[in-house]
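Look for chain A in each of the two complexes below; its partner is chain B in the first and chain C in the second.
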Partner chain A sequence: MRGRPNLYTDYRKESAVLPNLTQKFWFVVLLFFAFSLCLIASDYWILLLTTSFLIAVAAWGLNIVSGFAGQISLAHGVFVGIGTYTASVLGGVATTYVIGYELDMIIWLPLSGLSAALIGLLIAPISVRLKGLNLGLVTLALVFIGSHLFSNLKFITGGAGLGRKAAKLVLFGFDFDEGLVIGNLILEKNQLTYILALFVCVLAGLGVKNLTRSKTGRAYSAIRDGDIAAEAIGINLFKFKSSAFALSSFYAGITGALMFSVSGGVEPGTFNLIYSVTFIAIVIIGGGGTVLGPLFGALFFSLMPGAIQTAMHSFGFLGQDLALSLGQIERVIFGLFIILFLIFEPRGLWGIWFRLRNYFKAWPFSY
Partner chain B sequence: MSSLKFNDVTLKFGGITALNNVSFEVKPKTLYAIIGPNGAGKTSIFNCISGIYRPTEGSVHYGDSDIKDLRPDQVANLGIARTFQNIELFENMTVLDNILIGAHRHLNYGPISSLFFSNKTRKSELEARKIAEDIIDFLEIEQFRYSYIMSLPYGVQKRVEIGRALAMDPDLILLDEPAAGMNNEETEDIARFIIDIHEEMKKTVILVDHDMNMVMDIAEEVMVLNFGEKLAEGKPEEIVKDSKVIEAYLGVSEL
Partner chain C sequence: MIIFLQATAEGLALGAVYSLVAIGFVLIYKAMDVLSFAQPALAVVGAAFISALAVDRGVPFWIAFIVGIVLTGILSLIIERTFLRPMVGEPVFSVAILTIGIDILLRTVLDNWIGLNPRYLGDPFPSFGNFGSINIGGVVLKYLEISAFLTAVVVIILLSIFFKKSKYGVAMRATSFDQEAALAQGIDVGKIFALVWFIAGMLASFAGFFITGGFNTLTQFSFISALRALPAVVIGGLDSIPGAVVGSLIIGLTQGYVAYFQADMESLVGFPLGSGFSLVAPYLIMFVILLVKPDGLFGTEEVERV
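Take a look at the complex of A and B:
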């Protein structure tokens, strides 16, 4: 199968996820590498990678509604929160002050996505009426309502400053805390959650890719590029904006359900405005409106602390008295990157990837 | 196939009357042209048909149904397609995607099915892809299939917009100045496409344009508008002789 990778001999190949052998090969290699990382990487990096895979899912969610359908949502973090608390109530342990039902993950994981999707559907009617910044402001209101409810519904969230334990990771009766032994291989909780996160991330990514190559994704992009023309073609704006918000919130809910189960506990103050805005930043840095962009953005965002720490360690800065704490340095660098990307590469990390790939495709020629 | 009827349609924006008691009927399978000076209300008629404007008075009938109060997407789903005067293509999508999106109303599956790319989705996508290729072939835009709209010249964009309207497989197609801003050669191409759409695909076409030569050559019936009022209606050869039309278009000498 050498020769012309861009020559499609049937339409099915043209719309395939991985249209040629080279792409199939590298996808398998990458998946294998990602899988093996849980055996060779240190606990710290495994945790960072697990978070980045989960953040990627939520970033994909925001990308569906903002990147593809073009509707600004400042409330993405609230949907993550709704997913978190649905999972915590259904899968968490009850104490004297919070409720919990200790159900199996197969029940709470889809339900936390669905509950977020239901709340997402509530914004949809507003998005049909409002556009751009005005819609953004309405979603801002949702952040404040969400924050208020999260802090005050103490029997669900544990209350501000206290928080509660998140859902227990028990899948089909198997407790992740116990670890898994296969022959000589011992997989501990963090490695198991890593594999779970990788699996969910790949599935979520496939879902986004499927959207882009079907009617629904095209309708979203059409609404973004020109809603009057989209309507004149027969796209029901209400229906498609609703489904965009629902799908986006579903993705956010799934992330919320899993992310805090990995770290153990969750405090309601987490889901503030900054948290929602962070997702927007991730999508912008990664490249909005693309399939791979949010994944790049999430990896960048979550792995950066590790990279900075490693760099500072190797330069001997760590442990010295610095003007800024590590967390502050991270935030400054992240902010700087947002500015730089908006000026120099509006297509984000995906844009860089796109140009690099084309460069090597054409190599040794310049075009 | 149904006929389109305007009954005494009046469209007002505050104190401005864009259309004043306009009535006409477009019978199935005719090539009907609407001409008139700038601001005569030609595009307003299109917007009233496609549901973007709502007439202040009067009614718009398509077949037996009153389409005056329908939303644009409901009108589109009756089989009425349109193009826009200022190209309204989806800029960040490829030519192929723009044409595929025209087929939107013929694809019967929901968002969940899209998410999993189920067999139903795959099957209807492949069918739509075949139809899209026929349209690309018809409009001779094969070399631009995977190009993004914003990188294409104006003339090609106009063709893609016609392609998107054709992909809707409409019965009635509204073309808003398809030949605006084109040179003679491109205008001839467009005229040929319009004739093919009308004669071979057997569609009803309503055409708005400023290019008198083209309109008089291809149209079967012509309506002339001036300041929102109907000035004349009839066969092209009658229209060119009409004194009121000559007055509106060329002016008369004061002798």
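Take a look at the complex of A and C:
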């Protein structure tokens, strides 16, 4: 590092997305690394990374409404569901019992985000009326109402226990199932979806980063820190709370649309209370109110099954009769981490990263 | 008319069961400002203890029943001591999420134990049978429902005497009024927290028995029934015990009426409400009441300061 990287001579430079050379450098390196992972990693890990990138998008959505704007939402999973079903109807295949229009991804992807955002806008006035715990409880009611609707609107969702096929991944007439051949390089479906997920994830992340340095983002923080005070300095609570809900639902809708298209099918029982809580937990474990936190949380949550499997494999536990199954071990660890992070590190993984970074910034000196 | 009475009776019994869990919610909320999402899981844990002792180990039912309830109380005491004590003074919502974490832990271990087949809880009166029922003028009342109602009434009376007369009851009320003032009066607030969780745990496991007893059986989905005490508490107001009871009865009756009269309601509104609507109706009511009265029917209104 040369010069004075932390000396900003004007406001524009300080509030840039990547303010100094080090950050620009690492951003490009990480992006390149993430991109090349799809060529070297095994199918299993590619799938895990794809889901973690998509979950990160939804987690960012929740972070906008809960972390930045301070409005509690237990119903994030429902918005993911709305996105999923919009995409499935627009981009899925019709059968005798479900409808589907087989449209292109360029149509259903934005629309599924928008439809979720629209429902989010409908919910938003509640957050103006209610605060804190009560808002959380109303959104809890929404989870149950939502899953009731999902399991009963059979022509859209296929009904509880049966489910339906999600949207087909066809972008500009190009079917992801066919794979792509560029010279000697053969990209299969999972690699293509990985690249798509990475692209969406980076875009969403930049969007969040951009939000934090805009007027809207500052208004959100003001509402979080004290909404009466925010109102007193001229922030329109209704407008900003609504936009926070709409934006967060948009992110959730995008995730929903893509996530189940990658896995193929979707069952309405997926969008239950635990599913919504998962996103809260991801934000908490990652670190709420930060840009990188939800990404950390999502990577942690989605890569954990792989890590546990690898660990058990190397210790020779795999295939043995354990008291708990693999999925149950994951859930126990997940539950434990929620508790431990809340007690010992409320700033989440981001807090750990923050302290590590600051430690090594001046290493070996203490400051 | 008979159908109406039947629905009312079943609704009241359900409401009584919910009120047991709901009072636990309120006690914890009043004492510590914590909304414990772990309460439904504790209810199921209680049922599991009873089932494990009475059915799997062959312990006489009443011993299993008492041991199970006390064990659940102790478990909830341990939970408070290890996980919630460090969180005193933290924002309400973080603690609520923490209890969701506890709920995930408890339920995962429990689901593993329950397995795929339903489990029975044993029979308190082998010759008489809690599986049986009584027919009063066409209205069929299960013994389990009657005993649930009676238990709830007795427990509520005992609790109100406890709060009015006993030393610890008064200390609990003082703590819920103002923690620091209570400390200054020489009340051991930590002990009160422990006591509150112990009582709440026992109440939950009472409810757990009535939710899963008889033909209802203990399955991996039993906790969803216990979770329905949450809308009950919210309707009544999070910090009011009478509110919790009234809210529970409202929820129970709603569920009973919807279960019996759904066809009539559908012809009234003109579109199908879907299967299992009686299970969602409580949440719809909670939704509406929160919008109209954010602090519930009996809750004290919160004064906001900048």
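Going forward, the second predicted complex is superposed on the first by the 366 of 367 C-alpha atoms of A that agree within 3 Å, B and C clash if a C-alpha of one lies under 4 Å from a C-alpha of the other, contacts with A are read in each partner's own complex, and residues count from 1 in each chain.
Convention: a residue touches a chain if its C-beta (ideal position, glycine included) is under 8 Å from a C-beta of that chain, and two chains touch if they have at least 3 such contacts.
None of the values given here were measured: they were computed from a predicted structure.
A.B. asks: Please tell me which partner, chain B or chain C, touches more residues of chain A.
C.D. replies: Touching more of chain A: C.
A.B. asks: Per the contact definition in the header, classify A:162: touching chain B only (first), chain C only (second), both, or neither.
C.D. replies: neither
A.B. asks: Touching A:15, do we find chain B (first), chain C (second), both, or neither?
C.D. replies: Only chain B is touched by A:15; chain C is not.
A.B. asks: I'd like to know which partner A:94 touches here: chain B for first, chain C for second, both or neither.
C.D. replies: Neither partner.
A.B. asks: Regarding the shared-chain residue A:142, is it in contact with chain B (first), chain C (second), both, or neither?
C.D. replies: second
A.B. asks: Kindly classify A:186 by the partners it touches after superposition: chain B alone (first), chain C alone (second), both, or neither?
C.D. replies: After superposition on chain A, A:186 lies in contact with neither partner.
A.B. asks: Under the stated touch criterion, which partner chain does A:226 make contact with: chain B (first), chain C (second), both, or neither?
C.D. replies: both
A.B. asks: Would you check which partner chain A:331 touches, where first means chain B only, second means chain C only, and both and neither mean what they say?
C.D. replies: In the superposed model, A:331 contacts chain C only, not chain B.
A.B. asks: Can you pull the chain A residues that chain B and chain C both touch?
C.D. replies: Touching chain B and chain C on chain A: residues 226, 228-229, 232.
A.B. asks: For chain A, which residues count as touching chain B in their complex?
C.D. replies: Per the touch definition, chain A meets chain B at residues 11-12, 14-15, 207, 210-211, 213-219, 221-222, 224-226, 228-237, 243, 246-247, 289.
A.B. asks: How about chain A: which of its residues touch chain C in the complex?
C.D. replies: 72, 126, 129-134, 136-138, 140-142, 144-145, 148-149, 151-152, 226, 228-229, 232, 274, 277, 280-281, 284, 323-325, 328, 331-332, 334-339, 342-343, 346
A.B. asks: Show me the residue ranges of chain C that touch chain A in the complex, using the header's touch definition.
C.D. replies: Of all residues in chain C, those touching chain A are 35, 83, 86-87, 90, 92-98, 100-105, 108-109, 111-112, 230-231, 234, 238, 272, 274-277, 279-280, 283-284, 286-287, 290-291, 294-295, 304, 306.
A.B. asks: What residues of chain B sit close enough to touch chain A in their complex?
C.D. replies: 50, 52, 71-73, 75-77, 81-82, 84, 88-93, 97, 100-102, 104-105, 107, 109-111, 113-117, 121-122, 124-126, 129-130, 133, 164, 168
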